[in-house]
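In the two complexes that follow, subunit A is the common piece, with subunit B as its partner first and subunit C second.
Up next is the complex of A and B:
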């Protein structure tokens, strides 16, 4: 799901850096306010789980591959800001040690996955959980996969309009929205079913502990 | 008359050959780039662009083959830029040092997945572990 380096124009990632920097400052304050001896081990384990899930690529029919993220789990347990902070750390590590994603595109990936995904997951959970706890958890996982995919597809699909040569040739990612939206969303709508199930299983397991 | 016939034959021959493509097979050294997903499956039939060193107009535009490979024959030395895109946002943008005499070297793609996983997990638990020590000491 995360966009590689070289796919986004500076007109996209520079404003995204400014926006994400504000989010990182707020998330750091939130972390500092809530941090205690019981929070840190749980946050460490679930951050590690997110790192592993984002590294394991699942091949899909048609030649593409997707990965789970664990963002639904993090969002339900810790809320959107702590999730944004730790997902940003995971994405930074993935860029540095795995070459997945990148440094220029880090704020876009972090905003789409860490913030967009976790806010959607929290909203879905809060909407359904008072009546149907498990449906709320499943919705959190599904939304945590689909909403970042939609945001990534929009950012990628806008690149030909944002940055192109005088003859119209795209300078960065070459496909428009009509291509990226179905290409990114359909695999992630399927992946979201697995992510939803994983969220139900992991959060239910952790609450029994 | 002979001259007229010869002229007509020459013109006709020129017309016949005007739309033909001459092909030759040249044994030589091409740079073959293989692109794979992290799970090892090939990055098949996806869009690619190859740029000469320091040029912004593509030298070659095409698609990877069934095995996720693309090939180009460098006509000058330097860092050749290779871009590959799938419609769902996978791909890469990297350089390969290549020369016309066939020598090429791509920058290392880094650690294996298992090694990268181990490094990443160590960093995560290291950061949270050290942070826990500070929090415990403060409280």
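Up next is the complex of A and C:
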């Protein structure tokens, strides 16, 4: 669901950097308040874990598979702020070390996946888990896939309105909301079912011991 | 210092590449980056092409298909957006080949330690994950059913979590024993 570099206007990614920077500062304070001196190694190891979790294959019917995001799992276990910090670091490393994603799209991807996805996952889990634990976990995984997709679709779909020539020709991403919302949301609503199932299995296994 | 300057130059170049909407200027920028990449330019260029090809093709074909439905389609737009996307990824790969990321982030002690730890942990995690995958492959006689494949993925993820918890404790102890964590509370001060 990463947006690749070059499709977002500076009018979008520069304010997004300001917003994300606020989130990163808050996340750093929140983590420092909550966690002791093990914070740095814990954050590092979880970032490496998230990096690898994103390569865990999500099986699909018919023998195919796609990459999981692991955001629902991380959000339920560690909460939204640690997840936001970890996902932001993963995206930064993917952009600078692997050239995946990109530096212009980093704040939007981080806010959508790391913050939007994890907050939605935590809310869904807290709402349902007191009565239906597994339904809460499933909702966390599903929302962690669908909410970032919706946010990314909205940001992409607004690009033709935000940045265009005087004759209306787009300068960055060319399609409006009527195209991006169904094109991004429908596949992710289906993929989210797999992400939800994986979240149920992983968190249940971890708690059973 | 050189790495930090390169990182700063990269950030400026990225903003410039997204603020300029003339394909000729972007093409000139691409040429400049290719010159900076030196002898690695063909390799980086090919890697960049492979990285952008799928997404750019999908967007370009989707946009061009609008002509079939009577929408206004501009060749200028296709040239502009494809050159920009390629320039940005070429720039990023060139930076990645020239820069020492740890030195570039050395302005923050914690950030550079964090990135060092992350990079050092990714390799064993990836190896462990690949070992688990190969072990599972070598032990099955038939194609796994969907449920079994989910259970296998979940078991691998759980093992990675266990390993992460263990490694975090180990690293914290190792860092403490080497004096990384400074005592900041007054009751930890010597003589108290």
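Definition applied: the second predicted complex is superposed on the first by the 179 of 209 C-alpha atoms of A that agree within 3 Å, B and C clash if a C-alpha of one lies under 4 Å from a C-alpha of the other, contacts with A are read in each partner's own complex, and residues count from 1 in each chain.
In this section, contacts are C-beta pairs under 8 Å (C-beta built on N, C-alpha and C of every residue); 3 or more make two chains touch, one makes a residue touch a chain.
Keep in mind the model is a prediction, meaning the values are calculated, not measured.
When the two complexes are overlaid on their common chain A, residue A:103 makes contact with subunit C while staying clear of subunit B. In the superposed model, A:25 makes contact with neither subunit B nor subunit C. Once chain A of one complex is fitted onto chain A of the other, the partner contacts of A:193 are absent, as it touches neither subunit B nor subunit C.
Of the two partner chains placed around the shared chain by superposition, neither subunit B nor subunit C is touched by A:161. In the overlay built on the shared chain, the residue A:68 is in contact with subunit C alone; subunit B does not reach it.
Shared-chain residue A:201: touches subunit C; no touch with subunit B. When the two structures are aligned on the shared chain, A:95 is found in touch with subunit C, with no touch to subunit B. In the superposed model, A:52 lies in contact with both subunit B and subunit C. Of the two partner chains placed by superposition, subunit B and subunit C are both touched by A:43. Between subunit B and subunit C, more residues of subunit A are touched by C. Looking at subunit A, you'll find residues 4-7, 37, 40-41, 43-44, 47-48, 51-52, 55, 57-59, 63, 65, 89, 93, 97-100, 173-175, 179 touch subunit B in one structure and subunit C in the other. Within the complex formed with subunit C, the subunit A residues making contact are 4-10, 13-14, 37-38, 40-49, 51-53, 55-59, 61, 63, 65, 68, 70, 73, 77, 89, 93, 95-100, 102-104, 165, 168-175, 179, 194, 197-198, 201-202, 205-206. By the touch rule above, subunit C contacts subunit A in their complex via residues 10-11, 14-15, 17-19, 21, 47-48, 51-52, 55, 59, 62-63, 72, 74, 76-77, 80-81, 84-85, 87-89, 92-93, 95-96, 99, 101, 110, 113-115, 117-119, 121-122, 125-126, 129, 143, 146, 149-151, 153-158, 160-161, 164, 167-169, 171-172, 175-176, 181. Interface residues of subunit A facing subunit B in the complex, by the touch rule stated above, are 1, 3-7, 35-37, 40-41, 43-44, 47-48, 51-52, 55, 57-59, 63-65, 89-90, 93-94, 97-100, 152-153, 156, 173-175, 179-180, 183-184, 187. Remark: subunit B residues 37-39, 41, 44-45, 47, 83, 85-94, 109-111, 113, 116-117, 119-121, 123-125, 127-129, 131-132, 135-136, 139 touch subunit A in the complex.
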